[in-house]
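Chain IDs A, B and C follow the sequence of writing; residue 1 opens each chain.
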Amino acid sequence: MLLEINGLTKYFGGLFAVRQFDMQINEGEIVGLIGPNGAGKTTTFNLITGVLRSNSGTITFAGKDITGKKPHEIAKLGIARTFQLNPLFGDFTVLENISASFHLYPRSSLLDIYFNTATYRLNEASILEQSLEILKLIGLDKMKDELSKNLAHGHQKMLGIGRALAVKPKLLLLDEPLGGMNPDEIDFTIRAIRKTQQKGVTILLVEHNMRIMDFCEKVIVINFGKKIAEGLPEEVRENKEVIRAYLGGEKVA
Amino acid sequence: MEQLVPTLTNILVLSSMYILVALGFVLLFNVAGILNFAHGVIYMLGGYIGFAFSVVCGLNQWLALLLTVIVIASFGVFLERFCFRPFAGDFNRTVTICIAIIVILETGVNIIGGTKILTFPAFVEGILRIGHVSVSHERIVTFAIGAALLGIIIWFINRTKWGQQMQAISQDIEAAALQGINVHRISAFASALGCGLAAIAGCLMGAYIGLSPFMGDFMLVKVLIVAILAGVGSIGGVFFAGLVLGAIDAILPLFISGAASSAIAVAIVIVILLIRPQGLFGHEMEM
Amino acid sequence: MDMSESLSTRDGKKLTKPAFYAGLMIILSLLPLFISQGYMLHILTLTFIYIIAAVSLRTITISGQFPLAHAAFMGMGAYLSGMASKWLGWSPWLTIPLAALMTAGIGMLIGYPFARLRALYYAMVSLFFGIGVTQAIYAGGIWTGGYGGLIGISPLLPPTTSKVPYYYLSLGLAMVSIIALYRFEFCRIGTTLKAVAQSHLAASSVGINEAWYRILAMGVGCFFVGLAGAAYAHYNLVISGTSFNFMATLWLVMYVLIGGIGHFAGPIIGTFILILIPEFFRDLKTYSPFIYAGTLIIVVYLMPQGLAGLPQMVRSWFTEHRKDKRTVHAA
């Protein structure tokens, strides 16, 4: 088991955003996390990645307890994520966004960097190469010198995914990666996600677009901060609880 | 023991003045979203313009006070519209424009008014004596005006439509705009109000301890201390922090030199912030 | 190729090119041959020292923090070095680097709890801290000389009649500092700082410890401004709290903003212009604050890139203009 969440709880004031939430993800899986708006999906992501502090419960990753660790420590342990609102390094070019994100591996020491040693130059060359590879995977290699703040929305989202890939994660958390994309972009993104999974990355994704549920091995449904269903996509689709949760909101199928 | 009554009245005067100016600063920040570093010099300008009206033009002090408030409040509207609103959100440029305002006003007043301390004519003469205790009428009136104004402000914020709109904007500016609140108009009003309060404090303090071109810097520090201690988004906190600071400033210099007590006050604030970065009453800030 | 190089060619291409600096260096090195009046050399010596302070201030802003206590740190370097040399009898050659290191340490200590605060809050707190430092200087009694200032600081060189040695020392120090800060900004460290400034969420999600990097920027910036302060102390031989108060910080900030905060050369240009121009228009000296403030206003409204952005503005105006001409012909 790669990621295990037990009894995770987070409340703001009097409101529970996540309540006694349990989840297990095995290595190599693609797992979907779905639920109506406000169900607690992004909060769960924020809790896993340390952006928010939980009130109780534990999160274990690859055997290590990561509850309460800070975001950069979690990235170092091998969890990367994208964000719904997709913050970027706006004044950097597309290529710079990716290369700046190669902060962890390969890691040059401060002295190496400052004094421009051979180690540093080797690392930078390797980073450049890997950045270009990622750009190719996400289809942004043609616009590598564009300022990222000038990109179209769909491309910006791809850039967010590319940036997460620079972390060389074991677990990739994608928060609505298809949001605001047109059908072509959606196809492309789904293919890129599959390629990433084939390289051995475990993926947990939150999405409203049901197409993506079709190739998830497991779907977990959350509502009002609690897990209400778990299983294969077809099973979940038929589940009465799930249908009731979405009534008045979006349709499940 | 003879120090008790003067010290107590000193605390009341200082606190009410600090709160008056700090409120204006906090209002401007909460409603118009502007960190107005120039608030101190506006306070100073108020004092000097009041002086100009009353001493140079020979008008009655109360009339001078009224005119000063009108002038400075209008200046506040001008500032909000032309100097702050264009740069809302751009911190570098907001700081730059504040610096420009500070430099222009301070140097201007320095040149015209000179560096000597000027005395603002007292608003009321006379001393009140009760038994062994004597207090100047000036102090009583200053505190009374300050307290009355604060009471009016609180009533205004909670009970009137514009006051409530200000509260709404400070909580969520987008929601307020969507509700049909004219954010621009209320921001301009908040600016006028804040600057007007600072102007009154400037005149009153001018009568209390005199005017100097650098009194703005002195007040800016107090305001910042109060604002930071009070915490993000807390008006009640401003009252408490203002009272605490007034007490510190009235009591500490009795025992140690002025500079040392300032240094200590600053150190205390920094320590408090280390323990509780969101201020005494603020809610947790997101990064 | 170092990824960060592309950033340097983008902002202020013409100005960060080595040719610009080489030319400037040559001119400045040869100046004493042509200028004999000690006063001009003195002003230039001070200018170089202030350039170090201004550039280091800008270095801190790269990480997204706006330090409003920079002159106070300069004062810290000045007083630490001055007091050590006066009361402990140590040589200035020792106390100057030590004072710089201590200033850096204090800067990092102060930066630590506040590195997680929003830019606005950080600005307020640093403003405060700066005032606290000046008050502490005034309250320092005999040790700091109180309001009267610290006198009798050991000079860096044995007493000479000529200002020339100090000119070259100061120029050399400025050159070294500029090179050091330049490298800091345009290597991966600087890129990481700029990333943190643009989005701390995105930065931390890729493993960047943003608090740590902000503290690092503070440390580096404070080291060099402490260095400048200490150098000032052993050149001027007299220092007082008024040279390092809030107004002094505002001056430094003005140098940076008018020169252009987005360009590495901005603070250099800003400091040169704002210190030297009043020297040529001596009669306007009382009004110089107005001129500065006026320039600030112009910069804020019309030229947010500062003076360093002028070539860029002129160039883009020309290309716009030429574009119009071409469309006219096409029609």
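Assume contacts are C-beta pairs under 8 Å (C-beta built on N, C-alpha and C of every residue); 3 or more make two chains touch, one makes a residue touch a chain.
This structure is a prediction, so every number in the text was calculated from the model and none was measured.
**Student:** Compute the shortest path length in steps from chain A to chain B over the network of touching chains.
**Tutor:** 2
**Student:** Hey, which chain ends up farthest from chain B, C-alpha centres compared?
**Tutor:** Relative to chain B, the chain with the farthest C-alpha centre is A.
**Student:** Taking the mean of the CA coordinates per chain, how far is chain A from chain B in Å?
**Tutor:** Centre separation, chain A to chain B: 48 Å.
**Student:** Taking each chain's centre as the mean position of its Cα atoms, how many Å separate chain A from chain C?
**Tutor:** 41
**Student:** Based only on mean CA positions, could you tell me how far chain B sits from chain C in angstrom?
**Tutor:** Centre separation, chain B to chain C: 32 Å.
**Student:** Among the residues of chain C, which are close enough to touch at least two other chains?
**Tutor:** None at all.
**Student:** Under the definition above, what is the set of chain C residues touching chain A in their complex?
**Tutor:** 1-3, 6-7, 183-184, 187-189, 191-192, 194-195, 198-199, 201-210
**Student:** Could you list, by residue number, the parts of chain C that touch chain B in their complex?
**Tutor:** Per the stated touch rule, the residues are 61, 66, 68, 113-114, 116-121, 123-125, 127-129, 131-132, 135-136, 138-139, 146-147, 200, 246-247, 250, 253-254, 257, 261, 286, 289-290, 292-294, 296-297, 299-301, 304.
**Student:** Give the list of chain B residues in touch with chain C in this complex.
**Tutor:** 35, 37, 86-87, 91-93, 95-97, 99-104, 106-108, 111, 217, 221, 224-225, 227-228, 257, 259-260, 262-263, 266-267, 269-270, 273-274, 277, 285, 287
**Student:** Using the touch definition from the top, list the residues of chain A that touch chain C in their complex.
**Tutor:** 49, 51, 70-72, 75-76, 80-81, 83, 87-93, 95-96, 99-101, 103-104, 108, 110, 113-114, 116, 120-121, 124, 127-128, 163-164, 166-167
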